[in-house]
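Worksheet: one structure, shown below.
The letters A, B, C, D, E and F name the chains in turn, as written, and every chain counts its residues from 1.
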Amino acid sequence: MPALSSVSHAATAAAAISRLPPPPADTLDGDVRALYEANHRENWIAALSVNGATAKRFAGYFGSLFATEGSLLPLQERELIAVIVSAINGCGLCEIHHVNALASALGDDEKARRIALDPHLAPLSAREQALVDLATSVTTDPKSVEPRAFDRLRAVGLSDAEILEAIETASWFNHTNRIFISLGVWPDEKYFDR
Amino acid sequence: MPALSSVSHAATAAAAISRLPPPPADTLDGDVRALYEANHRENWIAALSVNGATAKRFAGYFGSLFATEGSLLPLQERELIAVIVSAINGCGLCEIHHVNALASALGDDEKARRIALDPHLAPLSAREQALVDLATSVTTDPKSVEPRAFDRLRAVGLSDAEILEAIETASWFNHTNRIFISLGVWPDEKYFDR
Amino acid sequence: MPALSSVSHAATAAAAISRLPPPPADTLDGDVRALYEANHRENWIAALSVNGATAKRFAGYFGSLFATEGSLLPLQERELIAVIVSAINGCGLCEIHHVNALASALGDDEKARRIALDPHLAPLSAREQALVDLATSVTTDPKSVEPRAFDRLRAVGLSDAEILEAIETASWFNHTNRIFISLGVWPDEKYFDR
Amino acid sequence: MPALSSVSHAATAAAAISRLPPPPADTLDGDVRALYEANHRENWIAALSVNGATAKRFAGYFGSLFATEGSLLPLQERELIAVIVSAINGCGLCEIHHVNALASALGDDEKARRIALDPHLAPLSAREQALVDLATSVTTDPKSVEPRAFDRLRAVGLSDAEILEAIETASWFNHTNRIFISLGVWPDEKYFDR
Amino acid sequence: MPALSSVSHAATAAAAISRLPPPPADTLDGDVRALYEANHRENWIAALSVNGATAKRFAGYFGSLFATEGSLLPLQERELIAVIVSAINGCGLCEIHHVNALASALGDDEKARRIALDPHLAPLSAREQALVDLATSVTTDPKSVEPRAFDRLRAVGLSDAEILEAIETASWFNHTNRIFISLGVWPDEKYFDR
Amino acid sequence: MPALSSVSHAATAAAAISRLPPPPADTLDGDVRALYEANHRENWIAALSVNGATAKRFAGYFGSLFATEGSLLPLQERELIAVIVSAINGCGLCEIHHVNALASALGDDEKARRIALDPHLAPLSAREQALVDLATSVTTDPKSVEPRAFDRLRAVGLSDAEILEAIETASWFNHTNRIFISLGVWPDEKYFDR
């Protein structure tokens, strides 16, 4: 083990980007190649580039849902949902990616890490707590989502369109988590720098 | 109950399209209205129209993934995955929608209905069985997907890009199922005509 | 797969009646043979005829519990319970058999199919909903059945003897489902005709 | 609590025979009354007598399946299955009733009690182990019963008719356990005498 | 099997004390040997003596927590918690050991055995019921323990220090149960004498 | 929420040390006070000080099991087990405490954080993987620990005494996790500094 821990993580991780080996970057079609570069050659986009149509569909949907402008819920609330769902499903790649993004959106690293550990251990507003509970129900037992859950969300200020965006966001990570868990995609080293 | 069973289903179902009441069609933005019409004013698109951006993202992704042309796996295999995942998650709306579509793609109503009941009770090829098993694992325990699952899929003829499309399809229905279960969207009456 | 889907379902299904191969009809004892014929040589009675005593016990109990006359609850309510329990347990043979029977008892195919898909998606009376909830609890977590469940059933008009019949019916399908799932008995082709 | 532990168990238990109060013995129909007496006025038959038809169906099936003569498997093997299933389902009434019966059938109290605690902690023959594993699968996940389970049972000497009797017995206790758990029937004091 | 049931249990059990074979008693270090003798050479202490430090840590903690003097809760309440947790986790060794101890502490064999079968089937005081519910939650879903659980315990007379002792006791058996289940330690024959 | 995120975490967390409010430090008995100071007045020891005997038992056991000297397994392997079990059980307090300790023991922050996210996403030696698998089984399903698990551990170099220490360590965190989850103890702010 001493020997192993001196092994370069980069080398090990490179071999483990995905169980379906990504194609060399220079063989990618133009628009897939552009996506790959625009996403900083991160492991997740490399893994998706095995199927260019998948990469484009995925990046298009995600780009729209997580755009800084144009969505209804503040970015920090969409990132909150992303972290909760990814932690429940055990997608380490998605969890660390969105913990970092949540920390940036909140301007509060400690709170973001507390939420990822367990939302019981973080100082949440009533609105944040209602979103956490919705994301949890949508993920673990969507049939348990009942009309009163919507009433609670309305009571903390969400419109019906915002409630649907919250449901969509929670459901979306049940999609993304499963892709990256199934492929076994490793988080990039840089995710651990902060 | 005799009284109740004489109640028009249409009336009851109309009230129950979704727990988030859809807006009147004539208030929809132009492109959302166009989607609503193009999808025959079915309940699912009505339910999504509460948030126009959601409706557009959803319909765009789904339209690309289930296009007759341009995908890698035959439509009947994508529909097979849709039925398996929807049945596991208990999304009745998605299940009956895609059982009907699978029946059309296969040209075999009985086989499609057998698959929805329980894939053990349907005559499956080795390739179909491998896709059923992949879709089941991706849905219920994605960490159990291991490299040998991919080897098995390759052995029945799938390329890596096709394997990724299969994973994407199974994961996608974990998204759609959760949206429609959370909203409580009822299947349209016409789904039961066949 | 094109080749496979042209294979006669009859041939495939014949080989798959049960994992314990039924004996030839003409080797059955007189009273078991009579049961076999009376039940139209369906797969379930063929599968049970491997042990004549089992076939007789099973058919005797079921025949009494589901008799048109002599039971306390209307047939449509006993069939409702049968469908709910079989769908939860995933017994496709029992589910389709009793969906057909529920449709006949209700005179409403669509409602029966909605109930099988998900009882949230069907127009249920308060009494039907209370029976659905009882059947669900008895099946998935009988320790969760509490005195107030009985009070609720009394409030929608059931006597104590009827409540016991409802519990018995739900419990019975936990028996029958397990026999037919364990044996892997396929639904007969004719079940798919309607 | 000191006060409480001096309360007569008889008095407490009498009130708790079942959540559906049994009718007075002298109001029972003749044949139900006869069953009640023949079964020594035990709590289980009192609880079932709320619905005479239920009591008769239940006692008839159980009497046939657990008759000393006429079944295929030795009584100790049917009692072994009864104990395993009842312990898994947590039916205390059925567990202690059949632990006592298993002890008598085996002529070995310690072994019967070890089996009820955990079959890993009892000296089991290969045949007993195969039956324990079958009963466990039938109860907890019947879809996991596969053809090789039957091959294993054949290898330890069971005929197909005996395998079906074993499946029937395991399934039957999934019926009885649910009835008595749902009713909350207490074990009679005398069950604790040995 | 007749042959097997005549085999001496002593011989079988000796071979099965633990999956990690205990060292001969005369090779034990002085203080470990002393613990082994003080605990009557029972299987559990033999199993732990494979690692002397483990045996000493375990016996020290357990001896303090279950001392007749010096704890806050009456011994019968600590034994009640031990039985509930061990039954949930399925540690047969711990269950029978502590059922016997609970019977002694209560002076009531029947009540102790009823509690082990299912606490629904035993006459419990409100205080006992609150402890049973706490021990169940701590074991199966500790995140479900909420402030109101503590209020309920206070209402039946527990101080905060006693509540913590109850939590500690329930948690402790989640430790001990896992050790003895993992090692497969058999209960000693003498545990079945009463 | 902007308002809330400007609230001092220190103030919020102070109120949330534990659901059972710790006594003021100057009311603690001498040896409990000494433990409190020796452990840097961290939340966990404050929470345990509600019951002095609990605090002493807990700190004594933990101090022995995690001593730098005197244990058999290297500290980094005991910390590895601590992280795996705490992450499975969802004890955020224990997880971050031991991720930090694992990082120190390994001299590798990134690897420690990868292990906490998901051990599939970290470069593990065969010996580390075997310990991860053991800790997982002991925590989630100890009955699934079978003799071959021990053979695998022996094959990567563990003695039987070391295997028992590994089992003890995994089991111990099933104790500690439940105490701190039940009490709702928040991680100290300083845990997030690194």
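As a working rule, a contact is a pair of C-beta atoms (placed from the backbone, for glycine too) under 8 Å apart; a residue touches a chain by one contact, two chains touch by 3 or more.
Keep in mind it's a predicted model, so treat the numbers as computed, not measured.
*Asks:* In this assembly, which chains make contact with chain B and also with chain D?
*Replies:* In this structure, the chains that contact chain D and also chain B are C.
*Asks:* After a C-alpha superposition of chain C on chain D, what does the rotation angle come to, in degrees rounded to the nearest 5?
*Replies:* Chain C sits rotated relative to chain D by 180 degrees.
*Asks:* Report, in whole Å, the distance between the mean C-alpha point of chain E and the mean C-alpha point of chain F.
*Replies:* Centre separation, chain E to chain F: 23 Å.
*Asks:* Roughly how far is chain C from chain E, centre to centre by C-alpha average, rounded to an integer in Å?
*Replies:* Centres of chain C and chain E (C-alpha means) sit 43 Å apart.
*Asks:* Measuring centre to centre with CA averages, how many angstrom lie between chain C and chain F?
*Replies:* Those two chain centres are 50 Å apart.
*Asks:* At least two other chains touched by the same residue of chain F: list those residues.
*Replies:* Within chain F, residues 90, 118, 120, 143, 184 contact more than one other chain.
*Asks:* Where on chain B is chain C touching in the complex?
*Replies:* 1, 4-5, 7, 9, 12-13, 76, 90-93, 95-96, 106-111, 113-114, 117-118, 120-121, 123, 125, 127-128, 184, 186-187, 189, 192
*Asks:* Any idea which chain E residues touch chain F in the complex?
*Replies:* My answer: residues 19-21, 48, 50-51, 53-54, 57-58, 60-61, 64-65, 70-72, 89-90, 137-139, 142-143, 145, 147, 150, 160-165, 167-168, 170-172, 174-179, 181-184.
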